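The next block holds one structure in the form of structure tokens; read it before the comments.
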């Protein structure tokens, strides 16, 4: 939906499925992508192949919009095949948006290569320049096309598609979870740091790869296990085979954002339940920032579980205080500045009966510009709330992410140039408490995480400039 | 959304606004209808007029789909005027759907008449036949057109538009909340039983009429009061004038469904907060059907507040156990029967971490066919729930509604031919308890309500046959 | 197409068909309307009924655009029935365009009435006001709706639909060719002056009514005869019955425009072949305005046959000198004024090889503003033409038409304030000759015609003001 | 339009324009492509760049449909730049249609390369395989992408874009007319045989390249000269520079189809006016196959000028006998077989008044399956024609074209297995005469032409199998 409350965006979700017994998979990809829709709402695509047909014969469709906007019965039924991948994407606007839609579908020496990518490379510009020096043409401005071109190039000197993928991973650096199909195989791979999630499932005779476990269970499949960081899985008629990339990083660095915002409540990633992680976050806030109050409430939907954890720990009742209008879609006309000042409310409305005379603790997952939370506090007080204490389940982010999370430019972040007390005053809260960086490992249940956007300490050496426009500009 | 969990539908929502100081109102109608979208998702429309321009000059647009699908900046900006009404509608499919969209816009002796109607007449077929005997032509199959034709006919012998509306109300019988515009006035009227809601608000220099108070507050307006049953309000440059219909029924009969399902949590209707009503419903269930459990949960979204009330009364913790996918829109491809059996989950997914090892009380607002609740119970037990006790916040409905609520045909209602114990066994619950008819007045806070669909005792004499197709068929 | 070379427009074409043996007629209406597309390109519609089904059950679809844009296999196949009418319309732009689309489909005492109208009434405003005084509501601003409402009103006191139509014709004044369906009958009627054409055809067991004979032969039917002025035909399972309106005008007055511009070359109307009429027009011009030349050419397509007639009579060879781009459709972006001055050519291009060194006679059907012919003459001379002599196959029109022909306002007509010599100089022609009013009866083969737009002498008393906006404005 | 009367298709038209003074060119490309629309109606595209902006910044849009369907004011206005190319394409249906749309727009070492191609390579499959061995990925199944990839590869070892194009032309074999843009230049090149046309024009300060001269004059430009076979022109801020490819073929071989069918009447190609060529064709037919007749007529539009030539030579009058419905567009629903037998006429209708009692010579450009001409002869005789003598302005084609003309498979050609007398009897003509192969050089005015499709003697060595699907299939 276009009314993100946080301004932080995940870039993508991937899904792959292969049924050696020949069952059509387009419908499962459709429902799987729907379950991953929260990871990207701007565009999506599906590419399938029939492993019993001629090699390289791929049907695909892609478009701008939600899965249920791009796909309808007619174009979905036209996607015939028992091997396929899908992708949902959040992307910036611009003329090249449609061209940048995934999965990428490309013809090469060995038929047709399809590739869907979640993550971000830090050396894509150098790699593309090298390829261009060899005469390679690019149709998009995404780093995923660099990966695909390398796989195609490496395939020439490799004995198998998986070997070409492995060679490619040796030269790319950054965050990636890939699903790739060659004519007869489904391949999945995850970067050595495990920055982006990828897991394996089973449905009947078929195998599934997905960014989150919720996509597997949504299609009626069974979650088997997470793909390990640096692991490459090859799914063919022989079943699932596993191999490892050469690179052995000194540490794992799972993205903490998956637990705080991105992933769905019903997913478990790298052994940690997203629901539990948020609950623990809320409990920590209750211990760290206790306050006398009548009601603990969360900003829907991302703050609800942390609020619930706060309520459990504090013993203060949890409550509902907002109505969320679920009919406000992608094409909604946003209120003008003047209308906003006139208190036009679109997405969230206060339930007056629930807040009158109450002292409220309001939990949200982050504060970006501070405008949203400020308006909510104003509305709550107007409806009769006596006090509003704000608790935020993530630390302030202060450093850019190079691995695919779209954090707003630091200059627009309220935390960048304001103290916590400044922010509290600005938003009109009676008190304000942020999750601490040191408590994140409690939230993640001890899982080694990447916390670079809070600390500036990156798991690998990163460029000294903003790389987000590198591929847009010509040499 | 197309995935109604209940199968019970409200037919419409209405909104009207007049700003004597000339401010454009289309944008407020847009946001107001968005706030009423839950009352009807199949079609919508807006009609506006400029009271300083030539009489009868009306701009309008209508279409199938949600407010944010039908209206975009271009067609909304083209709707220039300071007086207007809007409508959202739930309707059955069919070739005549578009023709049946409201507001109705018609030229007559005094310029242009616009009319939006929430409710259902029980004598529309007789009235239409009489009008046809006089040579009147109809373009639609909706009872609202009968009302509009009567207003036009009565206008000839009346000194004002409001007098024509009043005369018309003397001949129509059933449920209605109307917003009507003539060239210079906004008129609202509510049937003498108060079956359908209508309320008055103020925003700056302008006056608002709306089905629910949430539409007034959503556009930044202030709720003033409910229109009384049998009251007619005339809003012109002179301000708001009030009058009453001749008919004085012996009783009021507010539709209880507004509190149980239809209305938004943040609305207050006829002095009763919807949020509070649902809370009381849940508390009653806790007293009437206590059970030992670890967790009280609601089926999102309509069961959440009743569950919360149950939790408050019982002292057992409230909890979240489902993830609801809010990206599943109107055009979503529904799973086939086979896919459903394969446990493909679209709208609601269980959060395993929240239910494992728990005894759960699950609260929903109704059981129609029983399929949905049965699947949820199966999913919960598969995820490790030890027990699932179901509590329903409405009594079983056993009789047709003649006043505009689309209750599924009695034959498809599970309650019609099954005992409560049969249903409990069929859906796989460990126990099952329904709201009692006698407790409804507790839920409504003592407000006199129509409970005909539960008891068969109607507030007025109703026809002895199903009238829903009367206007579709020709004489 | 939007690039009319003349600026004169016919308003409509009608088509009706009834097959008593039950064959589906939607497809014939589709092809019949396609053959009448030149009579109206802005909107079209089809309404059909199944005479063996329940009375009043009508399927219809209408839309803006050409027949092949509005109808596709899906919506055409949904139109099931063996009795139906269709309509193509040229209309002015505006918000109410879609509402004004025909056929009109309305429910009344006796089921459903469908009506398609070609022509224009001169007393529609008075009639509508009378109906409004009786409380009738109107949804459109077209005079055709007034006719439909009168038929419905008269039906109440009539023993048959045809009697109601006959009573209606007694009160309406102006030009009309109507096709009407009741539940079981197809009715056609033509005004007493015969201003607008209507003819009867047969295809297998079915009967056809159409504005022009080309529509009958295009669907593989056989032309039977023209409907007489003032005749009403009733087509039912009993076959074709004929009756006459009461009004007996002193004269017939067939619209001469049908022969000069509107009708298709392969049509014969009221016994006169359109092709022959244009040929005679060209021959007259050759006798009246002879000139020494090398080549006679016509402006495609409307001037071609007159040019051919000129060539036959003069003995000078006919030739092709323009290429017409047939891909320039309704949505074509028109060149800006600046681009036009830069000689951007869209629709017609000169063939240089055909004109170099030639003295040319160029025949067209009319001169409206003079811009088009001026540009063509410039292009011809630039391509090497030595002389360009212009001959026009209609007299200058100087008076408004009240009967449905959209002649540009007199102020924009070049003939209105300029002498022939002025115009010749303005357009850059070497000589210029117009068809004379007295020769029109030669062109029409002696048929009594309406020549009011040239002479100001109308066949009936007409209002003293422009009536074209009467129905748009409110009382 | 979808109702091709011949079944022979040209594949493409190209247009390029560069204005060193910075004027926006999108509008000229739009009108230029409209003038080339007859060369391809299935898809089209425009790509522009601003030479004063950053290198490689290209805006483009492409889509399925006619130029006036794909482009509207909004997307055309978004195409800002003073250097650009456009393309219209006829293509076969299939899932990959949209991906195959041109111009191709690709990022490479030196910014962005745009390329539009008319023609067909005979060694594309080999070249693509070699490129794939080097790891190149392909997104389409068109040979034009092979050319673009070679240009990109050669650019690495070249000092300029034109040198890369020249190197590329040294390795590709077949027919091609290319327009290419690099960041600052417009490059045009034509294969050494001159199989496909390309010419140069000037408009104000800007230079134009186009497939036909009509596109230059349509936008108000001036035709300068044809690009020579084997010539490469480089247009930059320095003006127009010319160079030549290395390959010097022993002969020129201009495609004769351009004069018989493809090109527009108002174009002159390689010094020969298309209008004159068709006229000469008709004159030859008159001398070779004289017959006593009353009227010479052509099948619109492609047979008209040849008929006119026949009339000039024979002294028998030329005449119009058909009405062509110009409203029948791309989306027209084709009549079913049964409807066709019922004589449903869509595109061409006989004008009875013109043919009654006449002996007619009917000239067309080709006979493919014979169905169309057979129906026309039947309609003419039904309308009273006494005799119908058929003359065809091309020889029967018996051999496949390898250079981009889509001749129907030989098995469906009536000429393949039938003698002329057989065909005459089958189509019901009174006599039948074809253009002879030896007379083609008379038609072309002595220009050296490719007549391989009539004789099987190709200007270069061609593969021994049908290459049309080579790129669709995987290795």
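Letters A, B, C and D name the chains as they come in the text, with residue numbers starting at 1 for each one.
Throughout what follows, a residue touches a chain if its C-beta (ideal position, glycine included) is under 8 Å from a C-beta of that chain, and two chains touch if they have at least 3 such contacts.
Since this is a predicted model, take the numbers as computed values, not measurements.
Chain centre most remote from that of chain D: B (centre = mean of CA atoms). Between chain A and chain B the centroid-to-centroid distance comes to 37 Å (mean Cα coordinates, whole Å). Chain centres here are Cα averages; for chain B and chain D they lie 61 Å apart. Residue numbers of chain C whose C-beta contacts span two or more other chains: none are found. Contacts between chains close into a ring here, every chain touching precisely two others.
Pairwise, the chains that touch each other are A-B, A-D, B-C, C-D.
Of all residues in chain D, those touching chain C in their complex are 1, 27, 30-31, 34-35, 37-38, 41, 66-69, 71-73, 76, 203-204, 214, 217-220, 264-266, 268, 273, 275-276, 301, 304-305, 308, 312, 317-320, 323, 325-329, 331-333, 335-336, 339, 342-346, 349-354.
Those residues of chain B lying in contact with chain C across their complex are 54-57, 59-60, 78, 95, 105-113, 129, 132-139, 141, 148-149, 152-156, 183, 473-475.
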